[in-house]
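Listed next: structures, encoded as structure tokens.
Two complexes come next, and they have one chain in common, chain A, joined by chain B in the first and chain C in the second.
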Partner chain A sequence: MARFILMRLMHSIPLLIAIIALILLMLQLIPGDPVQAMVGDYPVSPAFREAITKQYHLDDPFPTRLLSYFTNLVQGDFGYSYQFQRPVLDLILTHAPRTILLTVTGFAFAIPVGILIGLISGTTPNRRTDHLVTTASLLVYAIPSFWLGQILVLGLSVKLGWFPTQGMQPMISRAQGFDWFLERVHYIALPALAFAVHEGTRFARIMRASVIDTLSQGYIMTARAKGLSRSSIIRKHVLRNSSLPLVTIAGYAFGTALGGAVLLETVFAWPGLGLLFVQAVRMRDNMTVVAVVIFAAIAIILINLIVDVLYALLDPRIRSRA
Partner chain B sequence: MTDSAGAHQSRKVPSQLSDTAQSIWGTLRAIASTRHGATGGAILLLMVLIALLAPLIAPYDPQSLTPSSLAPPSWTNPMGTDSIGRDIFSLVIYGTQTSLTIGLGAALGALLLGGTVGMLAGYFGGIVDTVLMRIAELFQTLPVIILVLFTVAFFGSSFWLLITAVILAIWPIEARLVYGQYLRLRNMSFVDAARVADMSAAHIMLRELLPNAIQPVIVQVALDASVAILIEAGLGFLGLSDPNVVSWGQLLYDAQSYMTVAWWMSVFPGAAICLAVAGLNLFADGLNEVVDPRTRGRKGGLQ
Partner chain C sequence: MSSFQSQKPNMLLDVCNLKVHLAVDGKTVRAVDGVDFAVAPGEVVGIVGESGSGKSTLARAIIQLMPNVAIAELSGTIRFNDADLMTASGTVLRRLRRQNGFSMIFQDPLGYLNPTQKVGRQIAEALDNSDDNRVLALLHEVGLPKPHQVARSYPHELSGGMRQRVMIAIALASEPALLFADEPTTSLDATVQRQVLDTLRRLHKSRGMAIAIITHDLGVIAELCDRVYVMRGGKAVESGTVVDVFETPQHPYTAELIRLSTRHLQVAQQGAQRAAP
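Right, the complex of A and B next:
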């Protein structure tokens, strides 16, 4: 197993380097004056231009700049964001936990609900129920989560006033202990719900397919032949065996979500990485943009690795093959 | 399931390029015989008609401004008007053109790029395989929305650039799928026979292998189209789509500032996006039933 992990890590490092090089190359190809883009619409003095050009080595050829970016990177230096007036690494480290919190909360609802719906629709002897559930989850899955967010805000926050419309916490909060927790729950409820509805319906579809696959296996027939009850077959055989592929797919989706909750975070002004990315792109804060992309890539690579290892540990059939 | 679908499952040795077209046509007919496929197909057909006949259906010029701004839905404006007095119904009708073009353009582009890469990598193997599939992996390691947002924000939000960006973000899935198909097929005896008959690699890839590999690929094309429509809507929603083109996502962006006073600005364009995406997903679902025999009919259920 250690060899497997090592091999995968060795495979990932050139991939990560290539991604960073690709992004930096794309930044290089952007038309326009980088110094002007950095300050916005204000006039640029020659002295400032010279200082910036020197500081960022804008005159150096691309390979030299690439090398210096990597040299800084391995020292943990992601550069400095002039727009946010903070080191980029600092920005990433404050925003990432918020995105992780939102994603984990969303998944905590989406996975059990998806498993339950998929299990019901896959095992029900009633064709009608299955058709109804399958079609309904397909239709709900078609709702873009950012629009669902907008509609939830419109209905539950604006019209009914049950939830705050935006943000992660009130401007000023004096709540402590359990009240503080409830206050946070209040803020995360809608974005997490919008996220969970979309992912949950997707998980339900995957789970149903997986359940149907499991039901055709020989061990289910054996279980029935030895007289196990329907509920104990579902609990002991179907649920466990069918959940495994879902957990894998949920794991991959988790990696993607860490860098990709851009639209949802924008709707709810949730101050995570997605919102940071949009702001950075709008302000042409290149250092931050590159850093978020790197973070997203690392998250995806690492989580995919963890999922593969877990899968191998959980399923003896795969362990022996590896 | 009908017999015609069964016939298309069986492998055949095609000798003419038209076999690919025939295979696609047969698949389409089989999809229409599934419940989800027929519903999805009907929705898509309706949307294509709306897009083509937009000038006849839309009661107003979508860009014409009127003094009646933020008017709620009524007989004169079935979906209300926006903040500068444009008729939402007409905007939604014209938005169909944009979304369908993006969906179709990006899906076909991804098919062409991903298909070619997958075909070459799967057929030739070796160093070609390694290089091409590593490049595909590179693009797959970035979240789609981040890649597209990055491209459009920095290089400009023209309509064609947006399609290109979406293609760049989604082609690896198509490439992997075609790659898998070619890997599976390339050692089959009918391919060996073609090699012995001294046919060119291009001939074998396009005329021998393609008709046998095309079916699961079409499922992915439909899913790609729905992803492309969602991405375009998302970019419009961030205010980054082409300002010269009417699009549903852009209408949602405009709606954001008027959420409290004009719900119709958000509800109708959003519903249009849902309908288009649902149509494509239903269609892909029907297609999947045709292509993957395991999902055909209903196998599940435990008494």
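Right, the complex of A and C next:
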């Protein structure tokens, strides 16, 4: 297993290099003037332009800049954001935990709820409960999460005043200990709910299909022939085997979400990577854009690796092949 | 006369006029159409017929293990010892499956064993007290070498013949009075088929349990069974002792089955003679 993990990590290095080169090239191709973007609507003096161009090597050929970027990267230098006036690594390290917090909270609800709904629905296929659950989850899944987020804000925050509309903490707070925790829960509730509802209904649909498939397998017939009760068949034979496809889908969704739920973070002004990414793109802050993409790519690569390891742990057939 | 009165004395299993009609794409398929079937304690009974003749459906309907299909009609009586299986509650059926009732082994052992669980655990699950020694004893009884190692293996790590023996061990765990074997050797190589048949014969002798073998292979019937039912189109067209049915078949279909089977044998013998120097 250790060898498998090492091999996968080795394979991901060229992949990461290709992703970084590609994103730098794409940024090179898009129109716009970074020096102009830096000063906003004011006219740029030739002296200032020359100074900035020299300082950031803007007129070096692309391969030279690519090489220097990689050289800096291996030394842990992600560059300096002249828009935020902070080192890029600093920005990432501040914003990433917020996105991780939102994603983990969302998934902590989405996965168990998705599994439970999928199990209930899949073990009673084509009955009233199943029809109800399937229709409801399809309807909810069809709602884009950013729109659902806005509806939640309008209803629960603006109209009822139960939750704050935006952000992740109050401007000024003296709360400490458990009160501080409750205050944060208050802020994260709506974005996490919008996130969890969307992902949870997706997981429920995948789980339902997987449960129906598992129930048609021969070993379920064997379990029935052994005289096992329905609940113990579901617990011992259906749950684990049906969860296998969910591990892949949830893992992929988790990796993608770590790169920043751009729309959701914008709707709730959640100061995570998604929001940082949007701001950086708007300001043509290339260094930050590239760093967010690198973080997302690393997250996806690592999560995919974890998914593969989990898959091997859950399914001994894959373990043998690995 | 009620069907209960028609119960033959001393029969372990007595099925009268069993009908299983399935609803498939808006049409009714008479999978089993008025079959009478009986097994005495300790008897080996064969059910033979071509694919789609209803023999597997008959067995599954008897032990109330129908796959998830729409049933248009299910009628008749099924008596097992003192229990009426057609009206038996889930609890009664589960009790019969768990202790001294009936069990079943299936054609494709790979698909019928859970791929994510070790073999030992799957056998233990069929025992009332999951005792490791009992698991090893069962693996030993079905003729598997190194039971410790087999118990710790996953199904995909075993050969086809070993997997089928594991299925037999699972089926034996509940000490059944009647074992249904649905095409137990079809998916196996010829030499492994022989080993599995020998195992079944040995278990029948040592345990004295009744066995109902479902097969399309008359050779298996001739070798193991006391009596045979010949099925075609959902009906039992003929039944009797193996000797009677093989020597004086009453139904043209049975005669044809026997003729084809002997023809295969003759062709094989001629081939062997030609190949001989």
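In this section, the second predicted complex is superposed on the first by the 318 of 322 C-alpha atoms of A that agree within 3 Å, B and C clash if a C-alpha of one lies under 4 Å from a C-alpha of the other, contacts with A are read in each partner's own complex, and residues count from 1 in each chain.
Just so it is clear, contacts are C-beta pairs under 8 Å (C-beta built on N, C-alpha and C of every residue); 3 or more make two chains touch, one makes a residue touch a chain.
Computed from a prediction, not measured in an experiment: that's the story for all the values here.
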Exercise. Does the chain A-based superposition show chain B and chain C clashing or fitting?
Worked result: fit
For this session: Identify the partner contact of A:241: answer first if only chain B is touched, second if only chain C is, both if each is, neither if none is.
Result: second
Exercise. Looking at the overlay, does A:215 come into contact with chain B only (first), chain C only (second), both, or neither?
Worked result: both
For this session: Return first, second, both or neither, reflecting whether A:127 touches chain B, chain C, both chains, or no partner chain.
Result: first
For this session: Classify the contacts of A:206 with the two partner chains as first (chain B alone), second (chain C alone), both, or neither.
Result: neither
Exercise. Just chain B (first), just chain C (second), both, or neither: which does A:26 touch?
Worked result: first
Exercise. Chain A residues in contact: does chain B have more, or chain C?
Worked result: B
Exercise. Which holds for A:146: it touches chain B only (first), chain C only (second), both, or neither?
Worked result: first
For this session: Report for A:229: first if it touches chain B alone, second if chain C alone, otherwise both or neither.
Result: second
Exercise. Quick one: smallest Cα-Cα gap between chain B and chain C in the superposed arrangement, Å?
Worked result: 6
For this session: Kindly list the residues of chain A that each of chain B and chain C touches, one partner per complex.
Result: 215-216
Problem set entry | In the complex with chain A, residue positions of chain C that touch it | 63, 65, 67-68, 93-99, 103-104, 106, 108, 111-117, 122, 125-126, 154, 156-157, 167, 170-171, 173-174
Problem set entry | Interfacial residue positions of chain B with respect to chain A in the complex | 35-36, 134, 137-138, 141-146, 149-151, 153-155, 226, 230, 233-234, 237-238, 252, 255-256, 259-260, 263, 266-267, 270, 273-275, 277-278, 281-282, 285, 294-295, 298-303
Seminar exercise, completed: Listed in rising order, the residues of chain A that touch chain B in the complex are 15, 18-19, 22-23, 26-27, 29-31, 121-127, 130-131, 135, 138-139, 141-144, 146-147, 150-151, 153-154, 158, 208-209, 211-213, 215-216, 220, 230, 233-234, 238, 256, 259-260, 262-263, 266, 277-278, 281-282, 284, 289, 292-293, 296-297, 300-301
For this session: Using the touch definition up top, name the residues of chain A that touch chain C in the complex.
Result: 215-219, 221-229, 236-237, 240-241, 314-317, 320
